[in-house]
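By letter and in written order, the chains are A, B and C; residue numbering begins at 1 in each of them.
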Amino acid sequence: MKNQILFALALCGIAFNVNAQKIKGSETVLPISEKAAQVFMKTNSDNKVTVTGGGSGVGLAALIEGTTDIAQASRKIKFSEKQKLQESGKTVKEVTIALDALAVIINPSNKVTKLTKEQLEGIFTGKITNWKEVGGEDLKIIPYSRETSSGTYEFFKEHVLSNKNYMSGIMSMPANGSIIQSVSQTKGAIAYVGLAYLNSSVQAVSVSFNKGKTYTAPSVENTKNKTYPVVRPLFYYYLAQSENKVKKYIDFILSPAGQKIVEEVGYINIK
Amino acid sequence: MNKKHSQFVAFLIFKLLGIIVVLILFSILGFIIINGVRVINWEFLSKFPGEGMTTGGIFPAIVGTLYLTIGSLLFAFPLGVMSALYTQEYAGKGWIVKTIRMMTNNLASVPSIVFGLFGMSLFVNKLNFGDSLLAGSLTLGLLALPVIIRTTEEALKAVPDTYRAASLALGATKLQTISKVVLPAAMPNIITGLILSIGRVSGETAPILFTVAAYFLPHLPSGVFDQAMALPYHLYVLATSGTDIEASRPMAYGTALVLILIVLTMNLLATFIRRKLEKKRSK
Amino acid sequence: MQKKKIIRRILDKTTEYLLTFSGAITGIAIVFITIFLFTEGAALFKSPEVEQGYELYVHAQNPINTLSPAETKKIFDSEITNWKDIGGKDGEIKIFRIDDAFSVYPEDELGENYALLPQKLGELIAQDENILAFLPKQYAPIGSSVKALVSHNIQPSDYFLGKEWMPTATPVPFFGVMPLVLGTLLVSIVALIIALPLGLGVAIYLSELASEKQRRLLKPVIELLAGIPSVVYGFFGLVVLVPAIQKSLHLPVGETAFTGSLLLAIMALPTIISVAEDALRNTPRAMREASLAMGATQWQTIYRVVVPYAKSGISAAVVLGIGRAIGETMAVMMVTGNAAVMPHSIFQSVRTIPATIAAELGEAPAGGPHYQALFLLGCILFVFTMIISISAEIISKKKNYKPH
């Protein structure tokens, strides 16, 4: 009896699910998807978009397991993830939906305003532990990082730490919001977030990737004129097999209306 | 120091302790209530969230929690009550029953995140339900199961054996005895257990983290394979995610208050029923 | 009449079977959960140390045959840069990753589905005696001058005694649970140390000193507080406790083990108070009266007679409190900073087992070593709570055997 009920319920579930798109993954991309889903649903009320966070790794793992339709990611798909998809006979498609300047943030009371790539590497791998070593006051450096599921965590490791591992025992925050909060409360803190999460409660430092010749602050202009060194694309990944299901939504996010949302949220459009 | 003095000092310390602890507990409650009350209005309860979770309301999260609670108990309540009936009324005192009882006691103390771990790998991945109301309800149901079994067993134990003997002596079958005599007598206690587990299930976050919870839905779930928002997860999201954490803070206070109200109402209701029952029995 | 009786009997039997069936289902489900957890977890020890699906390759002339996980990590973190530091020939280690291949060869030179990749990689390795290549097995380099380093499976001692938890480190992930286990125990035990005297004090106050009216008002209210969801406590901790502790104790960070302990203590208080109070009130009236009649003051009666009598009940309260603390996930995750490091101070960030599972489960590919390592963490939690609930049972049973 109970099985029958479940079965019946399951049937209605399937029937209703035809136009549902599940988007899962990066916390960095979350604001875009949230807003886009809202606007998209207004004109396409038969399409049901579901947005879930967790981190790029979570989204891509779900894509491999087949429990999401679109994986949102703030890093490129890893070779091993691609391999897993290939093994199960699936081909993945990648769409760049926006650009983001990865900002390094510190407490507003901190006098340090600029850091080189080498200094950042030293700080996050645990070689530099005091702000006075990089021109600040005598204060312990408290690096905050994201959880390992974060695409930002992986991107930062690859491009700023030259693939070295983070210092062991780094503080790991589950989401960008708590990073901002912790950095705004902690004097010696340093962390990294996507451009959309920057606000006045924290201070973004200018970074130099040419050994201190030029320092650039993270901003929309500096990303557009290509002077900011840590710029990354934000992606949607989906399976070629389910292209029909997600096409309408993907087209929307790439349309002028969708790209306007990208800008409103605080990222850089891809045009 | 003489006896009287040491007694005076000790009692003073205990009184102070009592006052401090009660104050701490109430200040937490008060903090949430004061900050939350400002936010709660009809719009907050009936609208979808908007603008990066800083405006609008928490309607889909309320509905999601409602669905999850109903779904989980739809599965756990009948199974739990029937299992308890079996162990109490039918099974003897053999090792099987003893093992089951030990296992349920154990299961009751297993941390909720372990249920999440199990639910995600079995329901979401192996059985391919995906992140869905079905997977979430089953996971929460497993969590509620031992609670329901235990309270039902206690309720059945509380029914005096003379009732059963009298009924059987009058020629009633065992089924009749159970359905007409034992169950009605035990019902209020069983219902109390049900209400308590509603309170527990609606406040759990860890088991739904990987089985059903969605960050944002611009629509309500329409089938058991849909994801849903839920109040506890929504509070977690409001507290840790969001592009403007300061702006979404009021929403978080409001959500916390709604969550507390639901849970406390359930617990109060259970206490109320139990009290009524105790009075009735002592008459 | 006869017919009715038969129907009734059939109904009776059916019900019995149905109930037996559901009892069996429950039993099976519980056993199944346990077995499921442990089999998934145990599979970890069949996984290789090197990241799943990958292997390390060197030039055939290289005398090194195997690298320990620690050595591998140091090499890839550029802490070891010369082969002679680990017993090889003098020469700077040149690290090569699969992504580097795509910068050496354009994709169209690699053929369809990278069919030519293994051969090209073989050529690359042949050119450089000092190379250390980290490559997927699927594209294992071909050639006579290629040597794969011997990789061991993860050992139980690496897991249970390991001091580093870096589950996504490449090329060698570290699954050492010591920091997590110690972090969990530290947070829970400190929480108990804070909560126990407070809880016991309140319990004594409620059961011995408070008027009946006060008790009847306070006890249910305190019990109600036990039902507040942990995420609400976590939110409170995040907003109030973390900044308050940082400011009042002048700590560099507010997210510490102590913050978690304090929050857990607050959460465990209602349970401890309620159970301990029940135990104290169960002391027979005759014993109190005997003590008072012999001239003892009320205070002497409490700490010489009532508390010793209720000892097992109080112990049960302690055990239940610690049980709740060990498994707590959300609240702890929100306030302790989650740094996976061996704890040496309570004013330092720690990562607990439940928080680790909650933070990492979503990204761990099903069936991979990381996933299995998280399941083993679940097993450790399961065993912890089992020990706790069994000892609680034994403690509360002991009381029944007392001759009083």
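By definition in this document, a contact is a pair of C-beta atoms (placed from the backbone, for glycine too) under 8 Å apart; a residue touches a chain by one contact, two chains touch by 3 or more.
Note that the structure is predicted; figures quoted are calculated from it, not measured.
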Check your understanding: Can the chain contact pattern be summarised as a line, a ring, a star, a complete graph, or none of these (other)?
Key -> complete
Exercise for review: Give the identifier of the chain nearest to the protein's overall CA centre, each chain being represented by its own CA mean.
Suggested key: C
Check your understanding: Which two chains meet at the most C-beta pairs?
Key -> B-C
Check your understanding: Which chain's centre, taken as the mean of its Cα atoms, is farthest from the centre of subunit B?
Key -> A
Practice item. Could you give the separation in Å between the centres of subunit A and subunit C, each centre being the mean of its C-alpha atoms? Key: 27
Study note, to complete from the structure: Taking each chain's mean CA coordinate, subunit B and subunit C are separated, in whole Å, by 23
Exercise for review: Please compute the C-alpha centroid of subunit A, do the same for subunit B, then give the distance between them in whole Å.
Suggested key: 35
Point to revise | Touching two or more other chains - residue numbers and ranges from subunit A | key: 62, 65, 173-174, 178, 181
Review point. In subunit C, which residues are in touch with two or more of the other chains?
Key: 238, 334, 362, 366
Exercise for review: Would you please write down the residue numbers of subunit B that are in contact with two or more other chains?
Suggested key: 78, 125, 239-240
Exercise for review: Provide the residue numbers of subunit C that touch subunit A in the complex, in ascending order.
Suggested key: 51-54, 73, 76-78, 97-99, 136, 138, 164, 166-170, 179, 238, 242-243, 246, 252-255, 333-334, 337-342, 349, 351, 359-360, 362-366
Practice item. Name, in rising order, each residue of subunit A that touches subunit B in their complex. Key: 2, 6, 9-10, 12-17, 20, 22, 24, 27, 30-31, 33-35, 37-38, 41, 48-53, 62, 65-68, 173-178, 180-181, 196-197, 199, 201, 265-266
Point to revise | Residue ranges of subunit B in contact with subunit A within the complex | key: 48, 50-53, 75, 78, 124-125, 128, 130-132, 134, 213-219, 222-227, 237, 239-246, 248
Practice item. Over in the complex, which subunit C residues touch subunit B? Could you list them? Key: 8-9, 11-12, 15-16, 18-20, 22-23, 25-27, 29-31, 33-34, 36-37, 40, 197-199, 201-202, 204-206, 209-210, 218, 220, 222-225, 227-236, 238-240, 266, 269-270, 273, 297-300, 302-303, 323, 326-330, 334, 354, 357-358, 361-362, 366, 371, 374-375, 378, 381-382, 385-386, 388-390, 393
Review point. Touching subunit C in the complex: which residues of subunit A?
Key: 54-55, 57-58, 60-62, 64-65, 79-81, 83-84, 125, 140, 142, 147-149, 163-165, 168-174, 178, 181-182, 185-189
